[in-house]
Every structure is written in C-alpha cells, then in structure tokens.
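Lettered A, B, C, D and E in written order, each chain numbered from 1.
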Amino acid sequence: MSSIGTGYDLAASTFSPDGRIFQIEYAQKAVDNSETMIALRGKNGVVCAVEKAIPSKLYQENSKPRMMTAAEHLGLGLAGVYPDCRAIRDYAVEEGLKYLRDYRCPIPDKKLAATLAEYVHMFTLGISRPFGCSVFVNSWDKKDGGKIFLIEPSGLSYEYRAWAVGKNRQAAKAEIEKLKLDELEMDQLVKEAVRIIMAIRDEGKDKNVTIEMSWVGENTKGNAELVPNATIDAAEEWARRALDEDDLDD
Amino acid sequence: MDTMHESLVKAVPALGHYPQEPISTGTTLIAMEFDGGVVVGTDSRTSAGSFISSRVTNKITPVTDHLVVCRSGNAADTQTIADVVKYQIEAYTMLEAEKVSIYRATQIFRQFLYNYRDQLSASVLVAGWDENEGGQLYALPIGGFVTRQRSTASGSGSTFVTGYLDKNWKPNMTKEECVKVVKEAVGLATFRDGSSGGVIRIGVIDKNGTDIKLYRPDGNDFPKFVAPTPHPSWPAHVEAKNQ
Amino acid sequence: MWGCTFAEKNEDVRDHEEFKADYLHEPVVSQFSFPLPPLGIQPKEFVGAHFGKELKNLQFRKGTTTLAFLYEPATPADQGGIIIAVDSRASAGEYISSKSVMKILDIGDRMVATMAGGAADCQFWTRVVAKYCTLYELREKAPITVAAASKYFANVLYGYKGQGLSVGSMVCGYDKRGPAIFKVDSEGDRSSLNVCSVGSGSLNAYGILDQHYKPKMTDEEAKQLGWRAIMHATYRDSGSGGVCNLVHISPEGKTRYPGRDVSQLYYEFAAELGRDIAYDPRDD
Amino acid sequence: MSIMSYNGGTVLAMAGNECVCIATDLRFGEQMTTVAVDQKKVHKISDKVYVGLAGFASDAKTVLEKINFRKGLYELRENRKLKPEVLATMISNLCYQHRFGSFFTEPLVAGLDPITSKPYICAMDTIGCIAAPRDFVAVGTGQEYLLGVCETFWRENMNADDLFEATAQSILSALERDAASGWGAVVYTITKDNVNVRTIKARMD
Amino acid sequence: MTATESQQGVLKMELDKGGAFSFDNCFRNMAMCRMGAAPPRLTSTGTTIVAASYNGGLVMGADSRATAGNIIADKHCEKVHKLTESIYACGAGTAADLDQVTKMLSSNLRLMELNTGKKARVITAMRQAKQHLFDYQGYIGAYLLIGGVDPTGPHLYECTANGTTMHKEFAAQGSGSYAAISVLERDFKVGMDEAQAKALVQRALHAGMSGDNASGNSLNLVIIRPEKTIFEGPIVPDFCKKPEPIDLEYKFKPGSTAVLKRKEIKYEIVESMDIH
C-alpha cells in the first residue's frame, strides 16, 4: 500500500486514478494484519488452523471462536475483523437453511462459496464499507474429496489445495509448499498444520497463544468439527520436537 | 353486475356464451424405475367435461434431455408449471455451470406445487436420469408432497391398474420388462377408464437421453383385451322361445 | 268452491237450506278451482325459484292507472253519478305488451269493475263476479247491490290470499242505494270510497284528483277531471299510457266514451297553458 | 331488473350517403317513474362526431367526461381533428380498461370523417366491443325494437332528408313499445355542410 | 399548487391512458349486484371457428355473428384476426376480450419483427397469448385458434381462456364447434391439397352455422400459404340468405315526421388548428 489515498480512499464507491479501490485494499489489510490462519487439504480431509493470542486470562476458553460451521458439512474459517466474521457466518447459515428448505438437500460447498462471494462483493460497490474478513469454506465428501474455498474482502473466491492468510501468510505458504499434501493422512495433516503455525510464530511470542483448529474429512464422516484439545496438544508436542530437530540440523 | 358474476362464467351455449369447463387431463400415468433409467407411459386423452378436446395429447413433457414430467390435472396449470420449472432449471444450469440433479429439479416442482397449492390443480410425475443417482422417479400429487417411487400409477386411470402393477412388479426388472408392464398397464387403464384413451406413449429415460414411442390402437403392438361377453338379457322363458 | 261456502249455517234456516238443497236445484255459481301443485308447494315461490324473477314472459302484465269518483250534479241539467277513467297500457317490465287494453269491465247494466295488477287475474275473476251477479239477479228477481257484488269479489280474493294473485279492482255502480265505489284487492281489502285510484300511476292521479275534485260538479267538469288525472298519471308513470277510456254511470245508465289518446291530451293541455314543452336542443 | 334499464333511454344511429343520423329519446327515469324529460343521451364530441351513451345515467356522465378528457388530450397532442373511428377505438379502450368492473353504459359513435365525409357508426357493449356495421346501430332499452324496425326502414345510400325520416320513424316506432324510453326525441342529422338538430313529436306517455 | 405540482398532476393524467386494467368500479358493482341489480349482457362471439392444415399450408375460417343474449349484436363481425402477414387468429368467447387480445398480440409480434428483423413464429404468438390468458386465470374469455406459416412450416394451435394450449392438425372452437368438429373428424385427411382443405373448412363451418343458434350470417376464410396469404369473405351460404328480398320499400315522404323544433349547427371554418 504505497500511495496515500489523497481523497480517493474515502469510500468504496470511488476509484483512484490508477484504477484501484482503496477501501477494498484497506479491508484486505485488516485481514493481512490478523492472526495467521492456514487451511490444508490432505489425502482424505481438510484441516484449518489459526493461532490465537489470549489477551487476558479472564477470558473463557475459546470465547472468540474463529472456526465455525455454515452447515453440518461445511466448515468456516474466519480471519479478520471479528464482528464482520460473525455477520458473514450468520449469512452463510441463513443461505444454507434456505437451500435446505427449498431443495431438501444440503447446500453444495461450491454454491455456498459463490453465494458468499456475491454477498461480499455487493459490499464493495460503495453502498457500505467492505467486509474486513476472509472466509475459508472447507468441506469433504466421499465422491469429490476435500475442498477449500477462500472468499476475500474484494468478493474474489478461489478454490485452493492449501492456503494461508494473516500476518505471517508468506512464511506459512513457504512452509506449506514443502509438504506433499496429497499423501498426508488426517492425523499427519493436523501435526503438520500445528508445526507450521508454531514455526512461523514470532520470536518470543509463544506465551499466551493457543491454536484453534477444525477438520472435516473421512474421520469425521464429512462433518465439520473442532479438533479436540487433546489432539492439538499431542500435535504441539510432536511439532515442538520436530522444530527442535530442525534447529539442531541448522 | 360485476362481469365476473358466477352466471356469466358458466356456460350458456344457447345464448352464445361460450363454455368454460376447465380442461383437464383425466389421465393414466404409469412409471417404473429400472436399473439405469426410468420408463413412463401415458394415455393421450384431454377432456373438457364430457368433450374430448384432444385425443393425441403428449402428456410426457421433456424438461431437459434427461428429465421429463408427466402431467395430470388442470391442463393449463400443468403446462404452465412445466414451462416455469423448465425455465428455472435452464437458468440454474447456466448460472451454476452444472446440470441440475433430478432430485433438485423435483424439489423445484415441489416448491411450485406447494406454494400455489390453493390456486393450482396439478399432479405430476418427475422422471429422469442423472450421473449421481441414475434413473429416478418421483411422484408429486396435488399439494406438493414428494415421494420417490420404484413403480407408480397416477391419474384417474390408475385405480384400475394398481393391482396389476403390484402383481407384475418385481425387483431388478430390465428395461424391456418395464416397458412391457407399463404399456400393458396403460392399455388396461384406457380400456376401463372413461377419461383415459387414445394412443399409448411410452418414454424411456436413461443415460442416452429420452426416447418416446407411440403406439396406436390400430397397431399390432397395442395391448388388446377382450372383455367377457355378456349373457343375453332375456328372461329364461323368453330365451327358451327364441331358441 | 270459495264463492259457494258462505251460506249462513243458522239453526233456524237449516231445514229450509236442506230442503232447498234436496228439492231445488240451485244454480252452482262456479265449479272452477285451480289445479294446485302437490306437497304444499307454493306456486309463487316455485315459479320464482325455478324460473327466476327476471324472466320476461313470467312478468305478468302490470303497470296501470285507474281512477273513479262519485259526484253530485252541480246544476239540474247534470246527471251526477260516477266517473271511471283508466289508461290502456299493458307492460311486462319495460316492454309495452299492449297499447289498447280495456281496463273497465262490465259486471252488470250499471256496474263495472276496473282492472289493475295482473290482467289475466282481473279479467278472469271479474267474469266470475259478473256470472255470480247475473245468477243472483235471476234468483232474487232484483239487481245485486254494489256492496254485495264487491263483497263476493273480496271474499273470493281473500280465499286465494298469499298464492300470488295480483288484483286491484274498483267495483263501481249505481244500485238502489245510489252510486258506490268499492276498492277490492288481492290482499282481501275491501273499502268504500268516494274518490279512488289504483295502480302504479295512482299517486300521480291522486295529485290531480285532490287538487280539482269537488263533491258537486257538472258532468263536463267531471269528465275533464277524469281525463286530466289519467293524462297526468301516464305522463309520470312509465307503466301507464295509451288512451284514456272513460265511463260515466248515472242514475239512468252507463255511458262509455271513446278512448282519447293521452299523449294528444298532454299536447292539448300544454297548448292550453301556452307552455312550450318541446325540447330545445342545447349546445354542447 | 337490469341496471341497464334503471334510468331508461335509447340511442339510434343510421348511416346514409355522406351523412349520418343519430337519434336519442329524452326520458330520464328511476325505474317506473319519469323524473325528467329533457335528458338527451347524445353528445357532441367534435363538429362531425357525436357519441350516444345509453344505460345507467351516472356512469354515462362519468364516461362522457373521460371521453372529453381524452379527446382534448388527443387534439392537443396530435394537432388534428378526431376521426370517428379514432374516437370509437379510444372509447373502446377506455371501456376495456374497466373490463373487470365496468361502467354500465353502452357507447355509440356516429360521425363523418372530417376530411372524406365518409360516414361511420358503431355501437359497443359495456366493456368496449365495437360492432361497426354499415347500416344502423342501436343501444339502450329500446335496442331490440329498433334493430327489428330498422331492418326494413333502412335503405342503401339515403340522402340526408330520407335518412332523417327513416331514423325518426324508427325511433318513434321503438318508443311505442318501450316503456323506459320516450317523452320526446331529438334527431341529429350530420352532413358535410352542417348538423341539423330536430326535436320530433313523440308520445308523452 | 406550485407549477411543478400541477405539472406532475397533468403528467399523471397523461399516464392514465390505457394498458393496465382498472378495478375502480369493482366494489361498487358487486354492491349493486347484491342490491339486486342484474348485470348487463356482454357481446360474445358464440361462434363457430375452424382451422385445418394441409400439405404446406393452413386454412382458417369463422362465421360472422356476434350475439348479446338473444340479440344478434353484429351480423358481420370479423372473427379472423390478422396477427402478422402469415399468422392469423380466430376467436371465440367474449368479443371485447378477443378484440383486445388479438390487438395486443399483433402489435407485440410486429414490434418483435421490427426488433429482430425476422418474421415472427406461430409458437411465439401462441406463447404470448397463453401466458397472458393464464395470468388472468380464465377471466379474460378468449378462446383462440392461432395458426400460420413460418420458416419452420405450417402450425396450428388451440388456446383456451384458461391458458391451455394444444398443437393440432385441425381444430374447431366456439359454441358451434361440436357440429364442426364432427365434420372435421370424419373428413380430415393428412396431406390434403389446398382445395380439399378449403372445402373441408367451409363444410365444417356450414355445419356449425346451421346447427348453432349463435353462429351464422356469413363466413370468412383465410388461406395461409408459405409464400402468400389469401383472405376470402364474406361468403354467405345459401341457408343464411334472407328468404325473400324486401319487395316493399318503406320510404317516408319528407315531412312525415312532425318536427317541433329545429336548429342548425354550422361548422366553424378553421384553416389550421393552432393550439398554444
């Protein structure tokens, strides 16, 4: 974001002379500054993980979930401005129910992603401010396997094999690219995800952080669920060892 | 007074007021699933009161290459429903760049039948084939209730042949067997039902698409039945004299 | 029959009555009776319910103005008596089914009945009354009084009350008691009046009669009043029209005057007043 | 009782050679009672175009006002004289707009083409179905009587005088048998030179 | 009222010039109905209309009687309506509805032809009619036979007031259709030539006109060929002619009518209508 808005950034309804819409870029920035979230598609499932800082010990455990569901089979990972995340999630649930009522079958992942993208895009047209959040839509079914869609504040929606958003997304993506994702079983995938989150963690900031994680895959029978804490703890343990080994190698 | 007064809507042909009997397809619709497709069979009579307004109606209305809808009830209503749903399915297919599944197409029909259940008199059979589920047959009676059926009959002629279908249906029938039973059933229904008649149309929907064949009553492959001949109606003593 | 069942059943006269019944073959006045529908079906409702009230050929002839009044001679040259004046239109709804109906029917030499309401009802029952009166005169060797004739008429109508007869008649005549007018209708009413008008145009006729009627008039005045009243009634009432028929009954007898066209009467009346009644086409 | 005969009234139009006649009775009644005898049902719309409105008087008045409004608008917009055909179509559309809650009046249009003087007559039902025969049309309570008598009284190519007599005698004949119309009649004879308005002597009962 | 307000007022009035139905009088009319007033009669084309296709073309025909109750409201009404050069519609039912529906169809089709630069197709006409009529649930009493020749060949459709449509080789509608359809059922053959088809349609119309009170007077025919459309009529069949021509002419001498008052309205001679 090199240039200053110089008056072209006051509303999403205004283009800058070089063809940019600053408001959308600012919204994207809100996502880029948030905590790193990654989604990985393995051999038979998808995991989505996010690192969360715990600002105070007075918070209830997981008082600010970023892993949610739009329907039983659709996991949502929401990164960015938190109230915007909730609004998107509510809309997603509503659309999911509407589809279920109209067609008596669960909304397909692709359809939900398209619907959400359309909705988010509507807010970039200047009537209001854009959403300051990105949404992962994760699913798995027997026929098509795992799917990851990401909807960005601009209304863009792509399908990914794996992706990362947030503060340390570049580092995370570099880590992800080293993996042979298609061969990873679910438990392996969880471990790798935790390892990546921990590996990209800012130095000296490993206090008061926690990892929230959801998965959807063959092991959950296609339902999007939170990964149990015990599994995460075990994965952290494994990851810490793996990272230490790496350090030794260096 | 108001020109929609009941007496003005009713038919008074002698006074030049033209009859407004609702045109309905008092119908026989028979359909069966087989492995890999569906067979549907219909008669071809459309009547307005006691007048047969068409004897060669096609009640098997194609919606897509792999989906047909068989109509019964008020003809105007069912034609309109078929038109509107066809439009919706085409629109969805384009928007989503994906074929609409038979199940979802049925649900679109259901929505329509349910939302307008007070205004419309329509009952349909939706039959089709898609890659995921293969041949499927759904019955939607008036009101918007949906059931998937392996073998079904609907319309006024169906009452005459449900027994026949129960007797002749068996699991894992082949396409040829289904066609034979369906054709026979439609034939039986038109034989007894006053509001069914005309030709028999048999449609087969499978992965190759839809294939509709027509059987004329004067053709060789039209099912033929002989009703039991009646006894003479003379009293016995007169009968004796006649001999 | 209705007309025959009003003999007094007094104990004293019973023997005499029985004797008469056994040995004198008293003329039977009328053996007529309507074939009535079975099962207590009311003909009026039945017709209404099954053929509709709108049906043109079941709308019986209606719409009339009839009037009659008594007067005394104003000068010795006049006769006095009764003037009876009527229009001549028969209509069914808006349709004028006849323009020349004689609505003053003879009952006897010096007695008439007017007809208003259903034309067939009036004509038929007037004939029955006339027959009764004739037989009465033959039997009693004296002409019947207007009071008796009208009472018989009223009794007959009362017997059919509520069954759909439509009669509004004035029985007018000169008898031993002098001139008399009795108004009789299908509800069973019977009343003696000096000035009387019946029919859809009666209110209009009353307007003229009340304005101009005097107990003592010359014959000419009386006739003019009759014509004038009918003319004005036909002008306002679309159910009345045609010609005005007028009868004068005096102590000496009955005089029928030829019908006078009411439309012509109206033009004459307007000319008399010097009033311009022709419509003046206005600019739009 | 039909609402169409509540007030009574009859209008007749006949076409001749470069002339048309339009005749109206003058009665305004309430069922059986005659309330007024100066209610003409024929109205001038433009020089050579007249419209007759039979039926329920209050609707006739409303419709007349709507017709005049539309006619004014037409002349302002198009800057030319209204042809009788155009007026008829206009009224037909007006009536049909009220297809499901109609005005109880049957309009009749008679006139000459402002340029060619071709006669035009037509009658409509209450929802604007135009019937435009070449000979004669009638609306109102006396319609049935008029249609019969006109069949014999009408001849091809009548001149204005003959046409007036035929029209006047036809409507007088109808008034003889129609209780809901009458009390005087007015005949408008429209020719290419002028319009003759004549009050004719009719029965007053 | 300010100037803009009054302008808006005028504008609003201008917009009220047709198109949509007005339901203003409905409540009043229903109330009057309850008070016992009978509704007026509407003109209906209690009709015989017939159409039959032949090798390459189509013949359509109709009688010409319009009735209102027992009165013949119009002896020569035109029931064969032109939609485009090569598409025609015959109508039975409420006469006003037929006039308006066919008028709407012909203008829509013409607009479409101008917009696309192609001849309209029969099925387009049929679907427009069907959708319009279905919207009004049969309350617009128009029963149509829509037929014509388009680049895809000759087509004939039957369309009822409820919005039911059927493709037919031959069809009859109207109160006289029972008689007409019997003739068609008996004599119709696939692949007739034009003369045969024309004779058949005429025969069917005769049957309807003689068997039905509400049909008669004369008949109109339209023969639609791929290259040309021929309109024929009115043809008066023998049994519809007046039995005796009028021998006696009722001619009144000028002055036979008593004239009470007269007035002459002269026309204003206006050179041009200048309206400012």
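The criterion applied here is as follows: a residue touches a chain if its C-beta (ideal position, glycine included) is under 8 Å from a C-beta of that chain, and two chains touch if they have at least 3 such contacts.
Fair warning: this is a prediction, and the values are worked out from it, not measured in the lab.
Any chain that touches chain A and also touches chain B would be listed here, but there is none. Of all chains, the one whose Cα centroid sits at the greatest distance from that of chain E is A.
Among the remaining chains, the Cα-based centre furthest from that of chain C is the centre of A. Among the chains in view, E has its Cα centre nearest the centre of the complete protein Cα set. Of all chain pairs, the one joined by the greatest number of contacting C-beta pairs is D-E.
Between the CA-based centres of chain A and chain C the separation comes to 105 Å, rounded to the whole angstrom. If each chain is reduced to the centroid of its CA atoms, chain C and chain D end up 41 Å from each other. The distance from the centre of chain C to the centre of chain E, with each centre set as the mean of the Cα atoms, comes to 54 Å. If you average the CA atoms of chain A and of chain E, the two centres end up 67 Å from each other. Within chain E, the positions touching two or more other chains are listed as 26, 29, 32, 37-39, 42, 68, 94, 139, 260-261, 263, 265. Multi-chain contact residues of chain D (touching two or more other chains): 1-3, 44, 99-102, 126-127, 197-199, 201.
The residues of chain C lying in touch with chain E in their complex are 54, 278-281, 283.
Residues 1-4, 6, 44, 47-48, 55, 69-70, 73, 75-76, 79-81, 92-104, 106, 123-131, 133, 143-144, 147, 152-153, 155, 161-162, 164-166, 168-169, 172, 193-201 of chain D are the ones that touch chain E when the two sit in their complex. Chain E makes touch with chain D in their complex at residues 13-14, 17-29, 32, 36-43, 66, 68, 71-77, 94-97, 99-100, 139-140, 246, 249-254, 256-268, 273, 275.
Remark: chain E residues 38, 260-261, 263, 265 touch chain C in the complex.
Interface residues of chain D, counted against chain C in their complex, comprise 1-2, 5, 8, 26-27, 29, 32-34, 37-38, 40, 43-44, 141, 176-182, 184, 186, 197-199, 201, 203-205.
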